[in-house]
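For reference, the structures are reproduced in the following blocks.
In the two complexes that follow, chain A is the common piece, with chain B as its partner first and chain C second.
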Partner chain A sequence: MATQQIFSPLPGIFYRKPSPDKPFYKNDGDVVTESDTIGLIEVMKSFNEVKAGAAGKIVRFLAENEDAVMAGQPIAEIDV
Partner chain B sequence: MAVKVLKPGLATTVQDLGRPGYYHIGIPLSGAMDRHALVAANLLVGNDAGAAVLEAVFMGPELEFTADATVAITGAELPPKLDGEPRETWTSFKVKRGQILSFDFLKQGARGYVAVAGGIDVPVVLGSRSTYALGALGGFKGRKLEAGDELPIGSAGATGKDGRSVARDLRGQPAGMPTELRAMPGLYWHRITEAAGDGFFSDTWKVAPEADRIGYRFKGGKPLEFVPREPPFGAGSDPSNITDACYPYGSIQVPGGTEPIVLHRDAVSGGGYFMVGTVIAADMDLIGQLQPNTPVKFVKVDMNQALAARKSRSELLGKLHSALA
Partner chain C sequence: MAIKKLLIANRGEIAVRIIRAARDLGIATVQVYSKADKDSLAVRLADETVDIGPPQASKSYLNQATILAAAQGAGADAIHPGYGFLAENAEFAAAVEAAGLIFVGPTAQSIRLMGDKVAAREAAASAGVPTVPGSQGRLESADAAFALVEKTGFPVMIKAAAGGGGRGIRIARSAEEFHHLMPQAQAEALAAFGDGGLYVEKLIEGARHIEVQVLGDGRDVIHCFERECSLQRRRQKVWEEAPSPSLTHAVREKLCTSAVALAKAVNYRGAGTLEYLYDDRTGDFYFLEMNTRIQVEHPVTEMVTGIDLVHEMIRIAGGEPLRIRQNEVRVSGHSIEVRINAEDPARNFLPNPGTVSALSVPGGDGVRFDSMLYAGYTVPPFYDSLLGKLIVHDKDRPSAMRKLERALAELSVEGIFTTKPLHQALARDADVKAGRFHTAWLEPWLESHAAGLATAQPLSAVKVAP
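== the complex of A and B ==
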């Protein structure tokens, strides 16, 4: 089993939930499919979904909810 | 020949040097947020300096070429890949028919300029090919690119050479942290207290994630304190409001006195927010390359310093032209 990182495609603010009063999309240890959304990046007044990009199990998130992130920054690790 | 858009990126638009002459009737300048980088991209591929190119913000598009072409990517460090193989920024290279140009994650800066020899041949609207998306004007159908779009490329007899590049000292990109933006105090300077004026120039601000082609918003400095007044007719009670006035390109409005917004290429041309000053022309391109959260300081200058800076920026452009002649 290999560990793979999920990168932020954009600079901006990282959100782990679809809106403030909703639960996190995914938690550490959750199983994901390739097309699952794991978070949002807010930039230029738009919210852009971040997909898992591979099927596996989320080992852990590397960025916190509402963290400022850079493009190409790892935001989660998954076991694929 | 055409370029097919396979993936559009975040907000990729067709831009040239802009559409001056209509701002007084509410149509903004538009054009590249980093005009120096646009000119560099065009000269690298043998185009006229002001030919239309693609401006890709934060994320590159994925493009398929229907004929052989010469391209160059300048501006942000948005690393190009041709059929998955890395290529250099600020350097012209050949693309063969059927090849796919894509991009790696943004490394530095904010906006990459993709020039194709011949230029992007969209219709000229009010003297420019630039996209003003808010007004659905110009560019490709007045909007940002979408998957499936086919961009016509001009023939113009352009025969771009590959392997030409721009030396680092001619690129005109922001240097140093925090980025310094020179500004002249403006007509409404008297509205804030002396302490607030000092604070504005001594605080370190950060680019807000909302910053876009219309305006660049900054956060993190102290709120401005206003001099008490009787609101003039039409101004309203908020101390940051004025009787409606014209907004210059580069002007720094501060709604509520909290978050300064520097108006940029797609700005509104007038309204009722007081302006603390104006970022000088020489530094407007730098703003176009600022990512969210970048630390920025506003540096107070006078008219003589502003004119000297403009001269020096225009000499840099002259050197770029000579180097790529």
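== the complex of A and C ==
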């Protein structure tokens, strides 16, 4: 097992939920596949899904819901 | 009470526009800003600035209490909301007035009335302004709906009362289709929204978007003629003109008179816009909604009438009566505005924040560039993609089109992709040159012209994750 980081592909606001009244896409400890959505980045009012990018287990999120993030910023750690 | 110090509760190009107008009138300015906007042009230009919090609009530009406190702390006597954010928030307008400050805009009551679709439609009907034929309220039964469409004729749109943003809309082109689609729509609305209530509205195919600018002082109202904004992508205007290339003199007269009647009926105060659908085959127009604020595309009206709308709305807010009589409002020449957005038209309008490494702005007579840009500025990713508006004015539409092409060629925004190539392609298009378009024209055009929109624009500043 190696720990990798999942990076934000874009600058913007990071959301961990598909909409405010919905639960988080993923929680610490969840097992994910490569194509699973782990969050959204809102850039200039358009919403872009962030994929896990690798199969594994999420160790922890490094960015909180509604955090402002930069492109390339790590947003979660994943054990693959 | 004349305004002495104005707080601008907005950002971007409109904040710059308002600061300039206030300064022209000898009014001091206070610019609020989020952490993401501390290097913005508006912050650089304003007399005073107040930090109102983090980049997220919900925590800064939409934070009513913080903005009110900033106004009071800075000793401002008025707040200009611009467009978007809190501009059409009745609760905020009321809070500003309750705090003893001036809201540069209409009363909270007007905002509330026009913000309620059913109430606005009723106000229009009682002022004798035509609305799109359809159900006045929600329809509960298929029989009631059918009785109605027999009167309106086909095609009709069936919409979920609880829906929005185009969800749950069906189009029926015949009685047979209607009987087939109505139960489906009802079941889907119930499943999706927990509410089976439906509206039925006549579908005006190939309609143009035409809007009338009004100015009111709470007693009297004048119009400043119309703008046509039919070139839209995903219901966002991209190109606006004044006057409309499609109206006859007689229809223009009727349309503008109807707008004044409705604005007068609600004792409208400030600058406002009444939006209509216009069917150029029948000459019929239908009121859609009223925007109770200054609009992005206001400059084309300013260019053809010579009226500074932002000046006028600030003067009215300060308590002055309307200074311009209707018979003094005249249209001279033709004006076109194109929206320069931080989006790449060659890649499906991908948003493209980043640093503007160099900037050249077009000039000459009848060319105006209202923008938030300067060389070295980093466009933040947190807000909408509008960077600025290029506006041209000339003696007639063909001259204005040529001037637009010339001005676009002079405009250079380096470091980020913009919608400039889209406007260059539109300005060369035969249909656009002839004014042959409607609200559903641009999207299919984009599909067939996607390849031509890729140009030698600079590499994106958006970094790709490692």
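Just so we're on the same page, the second predicted complex is superposed on the first by the 80 of 80 C-alpha atoms of A that agree within 3 Å, B and C clash if a C-alpha of one lies under 4 Å from a C-alpha of the other, contacts with A are read in each partner's own complex, and residues count from 1 in each chain.
In this section, a residue touches a chain if its C-beta (ideal position, glycine included) is under 8 Å from a C-beta of that chain, and two chains touch if they have at least 3 such contacts.
What you see is a predicted model; the values in this text were computed from it and never measured.
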Using the superposition on chain A described above, determine whether A:55 touches chain B (first), chain C (second), both, or neither. neither
Classify the contacts of A:66 with the two partner chains as first (chain B alone), second (chain C alone), both, or neither. second
Regarding the shared-chain residue A:31, is it in contact with chain B (first), chain C (second), both, or neither? neither
If you stack the two complexes on chain A, which partner ends up touching A:12: first (chain B), second (chain C), both, or neither? both
Determine where on chain A the residues touched by chain B overlap those touched by chain C, and list them. 7, 9-13, 42-46, 68, 71-72
The answer for chain A against chain B in the complex is residues 7, 9-13, 42-46, 48, 68, 70-72
Residue set of chain B touching chain A in the complex reads 10-11, 57-59, 104-107, 110, 209-212, 291-293
So, in the complex, the side of chain A touching chain C is made of residues 7-13, 42-46, 66, 68, 71-72
So in the complex, the part of chain C that touches chain A is made up of which residues? 36, 54-56, 58, 342-343, 351, 353, 380-385, 462-466
